[in-house]
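Dropping the structures in below, format is C-alpha cells.
The following pair of complexes shares a single chain, chain A, combined with chain B in the former and chain C in the latter.
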Partner chain A sequence: MATDLRISNISKIYPGCVANDNVSLQFKSGKIYALLGENGAGKSTLVKILSGVISPDNGEVFLNEKNLKLSSPLDAKKNKIGMVFQHFNLFETLSVFENLSIDATEDNKGLRVRINEILKKYNFSIDLDVPVLNLSAGQKQKVEIIRCLLRSPKVLIMDEPTSVLTEQETEELFISLKKFCDEGILIIYITHKLKEVLSLCDEVAVMRKGKVVSVSQTQNEKVETLANKMVGQKLAKIKKKINISKNKDEIFKVKHLNFYSDDPFETNLVNLNFSVKKGECLGIAGISGNGQNELFQILSGEIITPDTSIIFRNKEISKLNPKQRREYLMAFSPEDRISQAAVPELKIYENVALNNFKSSNFFEKGLVNERKIKEHSKKILSDFSVNTDNVELKSQFLSGGNLQKLILGRELITAPELLICYNPTWGLDVGAINYIHETLIKINDQEKSTILISTDTEELLKLSDRIAVIYKGKLSKIMPSEEVTPEKLGVLMGGGSID
Partner chain B sequence: MALYFFTPFIAIILTILGGGIIFYILGFNPIEALKFYFITPISNLYGFSELLLKATPLCLIAIGLSFCFKSNNWNIGAEGQLTFGAIVGGGVALLFYNQEGFYILPLVILAGAIGGMIFALIPAILKTYFNTNEILVSLMLVYVSKLLLDYLVVGPWSNPEGFNFPETRQFSDSSRMPLLFEGLRIHAGIFLALAAVMLSWFILYKTYLGFQIKVSGLSLKTAKYAGFKGKTMILVVFMISGACAGLAGVGEITGPIGQLHRMISPDYGFTAIIVAFLGRLNPFGIIFASLVVALTYLGAETTQIFLQIPKYTGQVFQGMILFFLLASDYLLFFKVKILNLKKNELRH
Partner chain C sequence: MSLDISFIGILIGSIMASSVPLILAASGELITERSGVLNLGVEGMMIIGAISGFALMVITDNLFIAIVGSMLSGVIISIIFGFLTQSLLTNHVATGLALTIFGIGLSAMLGKNFVGIPGKEFPILFSSLRESIPFFGPILFGHSIVLYFAFALPFLTNYFLKKTKLGLIVRAVGDSPVSASNQGINVILVRYCCILYGGAMCGLAGAYLSLIYTPQWIENMTAGRGWIALALVVFATWSPIKVLIGALIFGGITILQLHMQAIGFRIPVQFLSALPYLMTIIVLVVISRDSRKIKLNTPSSLGRIFYKEK
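Right after this comes the complex of A and B.
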C-alpha cells in the first residue's frame, strides 16, 4: 500500500530562534527524499517532531491522511515511523541479538527467525551473537536499521547516516535504501552532503533558517546549484595550491610512536614514523576509531608514551605536557569541541584563557588578568568573525561553527609553527567549513605547518600536501596528494592495500 | 541559573515540611515542635551566639571542601583532618600548659592547620601516585585519627590529676581563643572563618589556581588538554581543605572546649559536606548554609529538652536537607506527566 506523509504548516519556536517556520512538505512512498540544509537550518527539529521527541507549536502531521498525534517517540513507533539516528543507540557490551530483543514484542525464537529473514533478504552479513563493540560503524548502523525493519515501518528516516561510514559502506547503505524504497518504504534522508543527495535521492527539499526554500527533482540539480540554495549565497571555490616543499626543512619528526592500552575502547598504535616540513600540511586519513584519538593525544602531550621520540624545531619534546609544547609554538585543535577544546559552561573569555602561553600575561603572578584576557578575546572574536562581540557570553550559546572559529582563533593567536587539528570541520555547515579551510590554507601560505587528522576525505584532498592513512593503529606510506584519489584513500581506509 | 541558587531554599522548605510531618507522626503538634526546633534556639542573645559558635567550624570546613569538590576531588574525610588538626594543635597547647605568652595561640592555630593539611595529604598522595580512590582512603582515615585521639587522651596525654578521666589537662589561657563578649561562648575563631570565606573567594575567582580548579571541575578532559598540572592541583586542593578542617578542629578545642577529649566534634566534618553543597560551593552561599545547618544542631538540643525527643533528630534534619537538595537538583528539569498506558503498550 502506498504511503503518503504530509507535513502541514509546522512551526517550532525556541527562545530567540525560529527553528521551523511554517514548514509544509509532502512525501510519497516509492521515492527517496533528501532533506538538505546547513547545521541549524531546522532539519533536526523537523525530524525530532516527526519522531515524537518534541512537539511543534503549530501545524500537523498526516500519514495517509490520518492526523498523527506525535507526543512521544512511542507514538512514532506505533505509527510505523522508524528513525536511524546519527549516533547509535546500542549497548556496546551486549550482543547484536540482545540489543535487538530489548524492545521486541515476540519470543526469542520467533525473533531470531525474523532477523535471519531480514539478513538474508538484504544481504546483511552480521553475526548476531558477537558484542556490538566488535562491529564496525557500518555494521552497527545495520543493526539499527534491522531494529526499524523488525517493526515493518512505513516511513524510515535516516539522520546523517554516512558521517561514520567508509565509501564502501556508504555504497552498501545506498543499495539497501534503494531496495527498501522499491518495497514501498518511504525514505527521508537527512544530510548536508550534496553528492549523496545527487547520487541517491529522487527529490530534494532544501531548508535554510527554519524555512523550506526549495523542493525540486534531483535530476535537475547540480552540486553547485544545491550548495547555493543551501547556503544562500554564491560560494567561492577554494582549492589549495600544492606546496612545492621538497627542499624545505623538516620541522616536526616522530619516530617509533607506539601506544599500548588495555582498554578495549582504545586503539593500539604500532610504530608510527612521519615528519612534517615547514609550510606543509600533512593529512592523516582514516575511518574514526582507527587510532586517531590516541595519535592526537600523544602529539598534543596529553598522553606521554615512553619510547616515542618527537622532535620539534630540533628539540626533543616527547616528555612535555600540552602547555609546555605550546611554549615551543605548537597548537592543538581537538575533535571534541564541546567537552575538550572548550567548556560550554565557561564564558568565551575564560575559554580563551585555556591557551595560557607565557607571553600572553593572562595570569600575572598567579592572578587572573581579566582585562588582558578580554582584550585578547575581543580580538579573536573580530579577527575570526565569530558572530558575537560579547566575551562574557557562555560558550554553550555559540553554534558549532562559531565555537570552532573561537577555538582556532585561540590556538592561532600565538602564531604557532605547527597546528595539529583533528576533524576541524566535523558537523559544521558549508559556510563555516569554507572559512576554516581558508584559514588552514592561509597558515600554510605563511610557511607554518599543519597536521590534519580527518575522517573527511574531500577535506584531506583539498588541504593536504601529503597524505597517509591510519588503519587499525598503523600508518600507510605517506603519499604526495596529487597521486592520491578518493578511491585510493577509500581502499586504504578500509584496510586494503594499493600498489 | 537563578534556579540553581534557588533550589537550596526549596530544599530547606521541604525539610521543614518533612520535619513537621515527622513530629506529627510522633504525636506532637507540628507547629509547636517546629517552633521549638527553629525559633526557640535563637530567640535570645545567648542562643544566637551558640548559632554562630556552631556555624564557625561548619563554615570553615565547608570552605575547604569546596576547593576539593569544585575540582572533582571527593574528600569525605574532613572529620579526620579536623581530629588530626586538633591533636597536633592540642599537642602544642599542652606543651605550653603552664606558660603564658601572646605567641602561644598563633602557634597552636598554625599547628592545627598544618596537622589537618598533613592528614589530608595522605589520601591526596595515594590518589596521585598510586591511583587509589580518595573517597575510601579519606573516609577510613577518619577512624584512624579518632582512634589515635582516643589513645592519646586515655594514655600518654591524659591529665595526671584527672582521676583517669579520658581527657587532657586544661589548656592555659594563652592557648584559648579570646571570647568576643562576656558571658557568651562565641570566640575569635569566627574571624578565621570569615577570613577563609574572603580568601577562598579571592582564590577561586581571581587566581590561576582558581581558574584551574574551575576548569578541572567542569571537564577533566579540557584540563588535560590545556596542560594543567593535574597532580599538583590535587595536592593543593587537599592541603587547603585539610588546613581548613584542621583550623576548625583547633578552633573547637581552643574555643569552647579548652582541652582534648574524645568528643571534640559532633561530626562537623561530615555535616560540613552538606553545608558545602547547600551553599552551592560558593563562599558566600556557604556562610548562609552553615547558619542553617548549625540551627539543626541547636534545634535538636532544644527539642530534646522541651519535648524529650532524642537529639539525633538533628541528623534526621541534616539528612533531609541533603536528600531534598539532591532530589530538587535532579528533578529541577523534569516535567511530571501522568501516563495512562496499558502494560504491553510499553513494549511497542
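Right after this comes the complex of A and C.
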C-alpha cells in the first residue's frame, strides 16, 4: 500500500531560537527523500517531532490523510513511523536481543525467529547475545534498523546515519535502504553530506535557519548548487598545497607505543611508530573507537605508558604530563570540546586561564591576575574571529564553531611547534569548518607541524601531507596523501588491506 | 564456653538473623539504583519503618498490621524522595541525605512515647524442628517469616532483573533513560515504582529490627545499618547474590567479633569493631574484580537527573 506523509505548517520555538518556522513538506513511498541542512538548521527538531519525542508548538502531521497526534514516541511507533537516531538509542549494557525485546509484544521465542528472518533477508550478521557495547558502530546501527523493521514500518527516518560508518558500511547501508524503499517503505534521510544526497536520494529538501528553502529533484542538483542553498552564500574553496620534502627535520617521533587496558570501553594500542616532520600535517584516519581516544590521550600526556618513547624537539617527553608538554610547545585540541577542551560553566577568560604557562603570568602569588588574562583572551577572540568580544560570557553559550575557534586560539596563541587535534570540525557547520581548515593550513605554512586525528576522510585528504589509518589499535603504513584515495582509506578503515 | 557443634549451629542462626535488615534494605536499594536513582535515604527510611512498625504494633496489637504499616510508611517517605528527584528534578545525593536526616529526626519525635515499652513476641516457624535436629535445626528452622523472605529476596531479585520483562525495563532505564524514553518507556513512572519498592523494603528492614530482632523501640536503633546496606550495593557491584554474600559476611564478622571481645582476645577492641566493615569491603572487592562484569552491571545513569524533552 502506498504511503503518503504530509507535514503541514510545523513550528517549534525555543527560547531565543526558532527551530522550525512554518515547515511544510510532502513525502510519498517508493522514493528516498533527503532532508539537508547545516547544524542548527532545524532538521533534528523536525525529526524529533515526527518521532514524537517533542511536540510542535503549531502545525500538523498527516499519514495517508489521517491527522496524527504524536505526543510520545509510542504514538509514532503505533503509527508505524520508525526512527534511527544519530546518537543511538540503544542500551549499551544489555544484549542485542534484550535491546530488541524491550518493546516487543510477542514472546521471546517468536521474536527470535522473526529477528533471524530479518537478519537473513538483509544479510546482516550480528550475534544476538553479546552486549551492545561490544558492537561496532555499523552493527549498532543495524540493531536500530532491525528494531524499526520488527514493527513493519511505513516510514523510516534516518538521522545522519553515516557519521559513524566506514565507506563500506555506508555502501551496505545504502543498499539496504534502497531495498526497503523498493518494499514500499517511505524513507527520509537526514544529512549534511551533499554527496550522499546525490548518490542515494530522489528528492531533496534543504533547510536553513528553521525554514525549508528549497525542494527539488536530486538529478537537477550538483554538489555546488546544494552547498550554496544550504549555506545561503558562496563558499570559497580551500586547497592545500602538499609540502613533503625528504630533508626536513623530524620534530616528533614516537616509538613502541603500546597501551593495554582492562576497560572494555577502551581500545588497546599495539606497537605504534611514527614521526612528524617540520611543517607537515600527519593525518590519522579511522572510524571512531579504533583507538583514537587512547592515542590522543597518550600523545597529550593524559595517559603515561611505560616503555614508549616520544621524542619532541630532541627531548624525551614520554613521562611528562600535559602541562609540561605544553611548556615544550606542544598544543592539544581534544575531540570533546565541552567536557575535555573547555569547562562550559566557566567564563571565556577563565577557560583561557586554564592553559597557563610559566611565562604567561596569569597567576601571581597564588592570586588570579584577571586583567592580564582578560587582555590575553580579548586578543584570542579577535585574532581567531570568535563571534563575541565579551570575555565574561560563559563558554556554554558559544556555538560549537565559536567554541572550537576559542580553543584553537587558546592553543595556538603561544605559537606551538606541534598541534595535535582530534576531530577539530566534528559537528560544525560548513562556514566554521572552512575557517578551522584555513587555520590548520596556515599553521603548516608557518613551518609548524600538526597531527590531525580525524574520522572525516574528506578533511584528512584535504589537509594532510601524509596519512595513516588506525584500525583496532594498529596503525597502517604511512602514505603520502597524493597516493591515497577515499576508497583506499575506506578499505583500510574497515580492516582490509590494500596492494 | 565450649565450641561444640550445636553452638556453631546457633551461632550461624544468629548471624543469619543479624544480616536480615541489611539484605532487605540492600535488595530494595539495588532495584532503585538499577533504575538509575541513587537514594541515600536508606537509613532514614529504615528508621521510619522501625518506629511506625513498633508504634502500630503497640496501638493495634496486631503484628501483621505492624509489618504492612512499616512497609507503607517506607513507601510514603520514599514518595517524598521520588517527587523531589523525579518530578522537581532535585539532586539525588542532596535529597537522599536530607531524607535520612529527616527520617532520624521524625522517628525520634514520633518514638518519644514508645521508649521503654516492651515488644511483643514475634511468631517463629518450625520451632519444634529447631530443637530436635542438631546443628541444622537452629540454622534452618525457628526463624520469623521475614527472615525466610529476606533470604529468598536476593534470588527473586536476580530472577526479576535477568528473566522478566519488567526487570529488563528497569535495567534499560538505568542504562540510558534517554533511549528508554525514546522507546516509549515511561522513565519517570518506572523510577517512581523502583523508588517506592526500595522504600517498602527499607521500611520492612526497619520493622525487622524493632519487632523481631530487638523487639523494642530505641532512638536511632538502625545505628548506621542503612549506610552499610548502601555500601553493600555498590561493593557488590549491583549483583543481588553478592549483596547476600556481603550481608552475611558483615553480619557474621559482627557477631564473631562480639564473641571474640567477650572471650577476651588480646586484640584492641576498636580494631575488632572495625573488622566487619574492613572484611566486607575486602571480600566484595575481591569477588567483584572482573571489570567487564562491573561495566555490564553498573547502571550508567546512576544519580543523574533525567529531564524529558518537550
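The rule we apply is simple: the second predicted complex is superposed on the first by the 499 of 499 C-alpha atoms of A that agree within 3 Å, B and C clash if a C-alpha of one lies under 4 Å from a C-alpha of the other, contacts with A are read in each partner's own complex, and residues count from 1 in each chain.
Assume a residue touches a chain if its C-beta (ideal position, glycine included) is under 8 Å from a C-beta of that chain, and two chains touch if they have at least 3 such contacts.
Please read all numbers here as calculations on a predicted model, not as lab measurements.
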Do chain B and chain C fit side by side on chain A in the superposed arrangement, or is it a clash? clash
Does chain B (first) or chain C (second) touch A:P306, or do both, or does neither? neither
Is A:I54 touching the first partner chain B, the second partner chain C, both, or neither of them? second
With both complexes overlaid on chain A, does A:L94 touch chain B (first), chain C (second), both or neither? second
In the overlaid three-chain picture, which partner chain does A:L354 touch, first (chain B) or second (chain C), both, or neither? first
Report for A:D103: first if it touches chain B alone, second if chain C alone, otherwise both or neither. both
With the two complexes superposed on chain A, say which partner A:E345 touches: chain B (first), chain C (second), both, or neither. first
Contacts for A:D262 in the overlay, against chain B (first) and chain C (second): which applies, first, second, both or neither? second
Thinking of the overlay built on chain A, is A:L74 touched by chain B (first), by chain C (second), by both, or by neither? both
The clashing stretch of chain B against chain C, among 63-71, 135-143, 243-251 or 315-323, is 315-323
Residues of chain A at both interfaces, chain B in one complex, chain C in the other: 74, 77, 103
Chain B - residues contacting chain A, complex: 205-211, 214-215, 218-219, 221-222, 224-229, 344-348
Help me check something: in the complex, which residues belonging to chain A touch chain B? 74, 77-78, 103, 105, 300-302, 321-326, 332, 334, 336, 339-343, 345-346, 350, 353-356, 363, 366-368
Where on chain C does chain A make contact in their complex? 165, 168-169, 171-172, 175-176, 178-185, 291-292, 295-298, 300, 309-310
Which residues of chain A touch chain C once you look at their complex with the stated criterion? 48, 51, 53-55, 72-74, 77, 83, 85, 88-94, 98-99, 101-103, 131, 133, 262-265
